[in-house]
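After this come two complexes, each holding subunit A, first together with subunit B and then together with subunit C.
Presenting the complex of A and B:
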């Protein structure tokens, strides 16, 4: 068992860590090569370094050339259509590449803040986050397609409306538990079978508050529309 | 043909994040033992982009701005872009034609290069009058500016229509002539970066590699596929889980 675990860890490390052997073995893979692109410049740190393949903890920091720079150039995020044509293994590797880039950016941001300076080009964080979100969406699509084919269901645990301890109805996502609900004390504290009658008065007041707020918003929208039509009469039919 | 569909949202998220950072501070109240949020609810857009220092200074917490009424124009109806030739309809430069240098959708503004300017003297001193600086004033696209029709060289109203091939194009209502997009607008990406000015960076992916199709549909979930490829065998007996 221990042997199996060790081999599993080794195989994962092969996937994530930078090593020359790993690169030569997966050289065909697009993600690992230095690239040129006219139309599509992508957010992807290079895995091929000429100085030394393993940086250790220094991978948490940007390349020394960019330290103190005012502008650091970067590409655009990965689009969903570009991710959909890649296989699972490529997406898996890309995820970790992006994760490391994200860690690097946050480390640099923290360091710059310590020096009372601003991180150059902070939109890089948003670019990486968008690429990662897109990967999750693509993986979700593939899993859902497989589940629908095999089981007829998407595999999404779903959710339902429940009455919580305040007596208010809320949408609760179905979560994983080790014990069934009739044995779960904590679950019954949050969502009791019978809510006490004392809460009815407060629920009515809360609903009134929500109604008043909704009416206030509708009124403000109506007044805004009126003011717009007053200033721009040609919008009378459009609004 | 210009893509009206936005393919990525990172710039919008980045702007929202910068606005959220700049709209206020949280002040700690000693003795009360709580934090008090001093935050502005409304962000006023001006000629500076929201992530710039000038925009943040204009939206400082205690600074008051009067409410501005803006005609709502959807992304699909937006017809004036950077690099277009427009005719100015009002003001001192009425009747003149110029090229759009900047577009600010949040205010329905357009800046025309060299026209509709304001003049200001800077570095004045007791001995010298200083230097005069010329800066463009914004123009409203609904009332003060009109797109120039190339066939007769005059400003006209513009509509978005579809060609026989299915492309969405701007058509002058008066003459029916198609007004093509400027080269500058085609060259610019959604995040205001020039496509032709691209310089290869170490971290970028090649276009060839980007377009390479490695996906093969397989009957397996993502997790199972990765486990199989990494030779990880998970024979552990699964405990029954309850979902509620």
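Presenting the complex of A and C:
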């Protein structure tokens, strides 16, 4: 019984792959599941792996068919949802595929421009870059999730506000260093603890300038509101 | 307004190939060797301006790429044996206006890598338009063809040139 069914399935699978995939999904709880699934798995096109042929330095160029062509057809970039269901090693491989593709496109673009021509379909570069950025974000998500599970923190170094040598407040992102900043004498040249008294005068002047500018803006807004209400009295409480 | 600007601060405006590569982790003695898992570097092969030996290839590379980076990149990613690499940084030339001679813009600075292949490997930069003529040449031919047909049309309807073409 099973043998007969297997041969029948094999004969169908020769005709079309889709029907077999459908059959195997349909009979998941039957006793014949094993025989069916093996046959269907062998025939599924998605499991047929082919590595790209190695051409050495010729990989910096497009395939010979596309040289001098006016239009080169290409697909869409990889979406985030498609990349999320892939494992890390697959993403790693895909990164290198995209890296080579981008190098190829840059080489072709440079050569086309040297020959005073335009690269056909230059949007391919942006497509590759978009998929690369999507890979980066997906890996960042995974990193963050891992860090949250392990340490309870996202792993982002964060930043802080510091006073620079001019005495002005400045946002500074935290970075890795061999020694802490209080042991680094060059750090205190850029971000000293106390600003000298000579600069204090100028800080006061700078702050005053900012204050005056802010007040001028507020006044102009107030006047504008007043004028509008004179013109359109129904806006009394709405402005 | 201010809050929306704050959100925009982290927005990446540059394309990926223009950005600086991410910082390497700080290395201390005794640490395992640093490995690049996802390099952001790019390289493009360029046609040599002068005649060069068969085993030499020229690239324009990412400005942060070192000699060792170029060697590793070609050997690990492209599986090409490399004997020697030298790099040189070029300043972009000024783009001047022809008539008055003042500077309009500047070309980009770039780093060039001169690579010598090992194991008797040789490479010749291919001619892309050897078989398939470029698009502009084809367009020029079409324009000439159209002109010729126009002249023929004029000769044919010499007595009705004032009438629009549709009524001829």
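The rule we apply is simple: the second predicted complex is superposed on the first by the 139 of 239 C-alpha atoms of A that agree within 3 Å, B and C clash if a C-alpha of one lies under 4 Å from a C-alpha of the other, contacts with A are read in each partner's own complex, and residues count from 1 in each chain.
The criterion applied here is as follows: contacts are C-beta pairs under 8 Å (C-beta built on N, C-alpha and C of every residue); 3 or more make two chains touch, one makes a residue touch a chain.
Quantities reported herein were computed from a predicted structural model and do not represent experimental measurements.
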Partner chain in contact with A:202 - subunit B first, subunit C second, else both or neither: neither
First (subunit B), second (subunit C), both or neither touched by A:68: second
Partner chain in contact with A:76 - subunit B first, subunit C second, else both or neither: first
Which superposed partner A:188 touches (first subunit B, second subunit C, both, neither): neither
First (subunit B), second (subunit C), both or neither touched by A:102: second
A:59 touches, of subunit B and subunit C: first, second, both or neither? second
First, second, both or neither for A:165, with subunit B first and subunit C second: neither
Touched subunit A residues, subunit B compared with subunit C: B
Subunit B and subunit C footprints on subunit A, overlapping residues: 92, 126, 129, 139, 175-178
Touch list for subunit A against partner subunit C, complex: 54, 56-61, 67-70, 92, 95-96, 99-100, 102-103, 106-112, 114-118, 120, 126, 129, 132-133, 135-136, 139, 175-178
Complex contacts: residues of subunit C adjacent to subunit A: 15-17, 23, 25-26, 28, 37-39, 42-47, 57, 60, 77-80, 121, 123, 126, 128-129, 131-136, 138
Subunit A-facing residues of subunit B, complex: 7-11, 13-14, 17, 51, 69, 71-72, 142, 189, 191, 195, 198-216, 219-222, 225-226, 229-233, 239, 241-244
Residue numbers on subunit A that touch subunit B, as the complex places them: 4, 7-8, 11-12, 15, 29-31, 33-46, 73-77, 79, 82, 84-92, 122-123, 126-127, 129-130, 139, 142-143, 146-147, 149-150, 157, 174-181, 187, 227-228, 231-232, 235
